[in-house]
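A short worksheet on the structure shown next.
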Amino acid sequence: MEKNRLEAFSDGVLAIIITIMVLELKVPQGLGASDVAALKPLLPVFLTYVLSFIYLGIYWNNHHHLVKAANKVNAAMMWANLHLLFWLSLFPFVTGWMGENHFTTAPTALYGAVMLMAATAYFILQNIVIAQHGRDSKLAASIGRDLKGKLSPILYAVATATAFFRPWISCCLYVLVALMWLIPDRRIERALD
Amino acid sequence: MEKNRLEAFSDGVLAIIITIMVLELKVPQGLGASDVAALKPLLPVFLTYVLSFIYLGIYWNNHHHLVKAANKVNAAMMWANLHLLFWLSLFPFVTGWMGENHFTTAPTALYGAVMLMAATAYFILQNIVIAQHGRDSKLAASIGRDLKGKLSPILYAVATATAFFRPWISCCLYVLVALMWLIPDRRIERALD
Amino acid sequence: MEKNRLEAFSDGVLAIIITIMVLELKVPQGLGASDVAALKPLLPVFLTYVLSFIYLGIYWNNHHHLVKAANKVNAAMMWANLHLLFWLSLFPFVTGWMGENHFTTAPTALYGAVMLMAATAYFILQNIVIAQHGRDSKLAASIGRDLKGKLSPILYAVATATAFFRPWISCCLYVLVALMWLIPDRRIERALD
Amino acid sequence: MEKNRLEAFSDGVLAIIITIMVLELKVPQGLGASDVAALKPLLPVFLTYVLSFIYLGIYWNNHHHLVKAANKVNAAMMWANLHLLFWLSLFPFVTGWMGENHFTTAPTALYGAVMLMAATAYFILQNIVIAQHGRDSKLAASIGRDLKGKLSPILYAVATATAFFRPWISCCLYVLVALMWLIPDRRIERALD
């Protein structure tokens, strides 16, 4: 029952984050607000929204499998979960900032930095759940070397760095990480069966 | 249990979409903000809100029946569901844009295009659930020819096209589709009994 | 299980309505934004927020008891519930309009009109639940003459009318109805025991 | 089941409060909006957001344990819970006001006052739950002298007062209370085992 409430709260926060992110797509105002041309400046905002939506979908998906695998909710897990939600809650801000400034240096770097922090927070949460099962458990075995989980933070760090001279490389890296994760995390699922 | 979380997350996202849509009804500001006249420019926004509210109510209703009929939640279903939620999340934007510009061409066409994408996403999700049951199952039989489900995208496409010369025809079509669906989808319900 | 989802969706919508209403309390901006004086124009907005918060609390409370008493969720109940949520979703708008215009005629009248519609929507939902149990059921008996439920719409209608010459009388009536309902609806609870 | 709905509603409201608070972190607009310098004025808003996020995390955590310990949901508990949610719903406003005005007197004092009201509301809710169990129950014993629960309101009151001459002392006190509570409330958990 405790687990249910952790899931429900996380689902609530994720659902709200994913939805308020769309508020950055502001309805055009003023002269020419009803022309197709009024949508043009919104295109980068829209593309960033699509990217962040996919990221949050991936987090929700993996979070779902991870929490399902947890034995029990303890204080460490609750705080590790809130820590993850904190970094995810900054997605609408960095999404809006990057989208509205058409992928310039500072916003693109900050986007990567927040992605890096969120990935780190997820990594901590995952380790707490693994520790509950023990290092020799089926769960630990199924997550295994966790290649994707270890590669993502590295790619985010690289993308944050490349933003200072070639922001478009950073954007490609963000899309790459998203594509890499779109294949859902079946490892845990398999181990539990 | 997995299904519960998919439902809870979808309910959360739908509840938020339906509610933030009302934020486009902006409280009048400045001189004469307290006059009845200040509500007049809000009337088309309000009418569009009513229309989109009914659409989302229909989606929630049908989604409810569809997920209830699903045997198991798998990765394909999760992503098809997120895909549907993505298009639904654009409702507040297109609702605001169409309402604030009094049903002019571009906003009215975009409204139809997003409706079309949402209907397509629902169709994909429905097919994934049917595939779980098999083409000869009771569920497949009960959905049958799915006349309404096939007619809606056609009407949305027509409405998107008519928006370029007679936007009011598009609006009539949107209302027509809504009325057509207001009779809730009892086919699945019946088959399960 | 169906009932759970109706409750979860209604809870979600109510939770969001109650929370976005607070967004009308806008953080003061510009010169003197950090003075106590900057809060003064927010006072009527705050008071209206308190009033609407109490109203929504009452609706949540009574809705909770009513749905608990329902035998089964059918299509009529789902749409009656969405109809109620629609009128409740207009609370943030009418609350903001009345609060920001210091209880002038038009906003105060509209507040009453929306309250009247919400009360009517609740009345319809209640009758659908009673009809499930039958007119001679314990539930019907426990709701009985439903004095408060019948008095409230009348008081809202009167308040809407008085707003046209003495808005402060309307405000008193809104407070009166809230106080009248603050005593939670134990009738249904009693009957079920 | 009643308890589930109280939890679900509270979780919903808390999830929304925690998430809309981030809307005060407004995406920089205008000239130089994409410079790192544009983030500088956002720093105090960000720090206040972190502080309030931690507070809400603590409330969610303790609320979770408290409601779990409750035997039954009655009208008094429902209203005490709504009363707590009311004060928590003002967190986004006071967080934004304090952050945007760089910890000046009035906003810093109001922050403390709202914290004090929320702490008081929690105290009332806790006493209602204890009363259900009886003064000699395990639960009452486990909460015991409730040092943290009694110290917090005193520190908030002191911080509200110090804001009038040294706002930075108030800020230190707010951080102190947060740190004091970060160690989760295991007392109730222990007693139930």
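Letters A, B, C and D name the chains as they come in the text, with residue numbers starting at 1 for each one.
Keep this in mind: a contact is a pair of C-beta atoms (placed from the backbone, for glycine too) under 8 Å apart; a residue touches a chain by one contact, two chains touch by 3 or more.
None of the values given here were measured: they were computed from a predicted structure.
Engineer: Residue numbers at the subunit A-subunit D interface: does the shared fraction exceed half, giving same, or fall under half, giving different?
Structural biologist: Comparing the two copies, subunit A and subunit D contact each other through largely different residue numbers, since under half are shared.
Engineer: Given that subunit C is a copy of subunit D, what angle of rotation, in degrees and a multiple of 5, matches their CA positions?
Structural biologist: 90
Engineer: Relative to subunit C, which chain's C-alpha centre is the most remote?
Structural biologist: A
Engineer: Would you mind pulling out the distance in Å between where the CA atoms of subunit A average out and where those of subunit D do?
Structural biologist: From the centre of subunit A to the centre of subunit D is 26 Å.
Engineer: Where the centres are mean C-alpha positions, what is the separation of subunit B from subunit D, in Å?
Structural biologist: Computed value for the inter-centroid distance: 37 Å.
Engineer: Taking each residue of subunit A in turn, which ones touch at least two of the other chains?
Structural biologist: Residues 8, 12, 15-16, 20, 23.
Engineer: Can you check the complex and tell me which residues of subunit D touch subunit A?
Structural biologist: 7-8, 11-12, 14-16, 18-20, 22-23, 25, 27-29, 33-36, 38-39, 50, 53, 57, 60-61, 64, 68, 182, 184, 186
Engineer: Please give the residue numbers of subunit B that touch subunit A in the complex, ascending.
Structural biologist: Contacts found on subunit B: 1-2, 5, 8-9, 12-13, 15-17, 20, 23-24, 75, 78-79, 82, 85-86, 89-90, 92-93, 96-97, 100-101, 104-107, 110.
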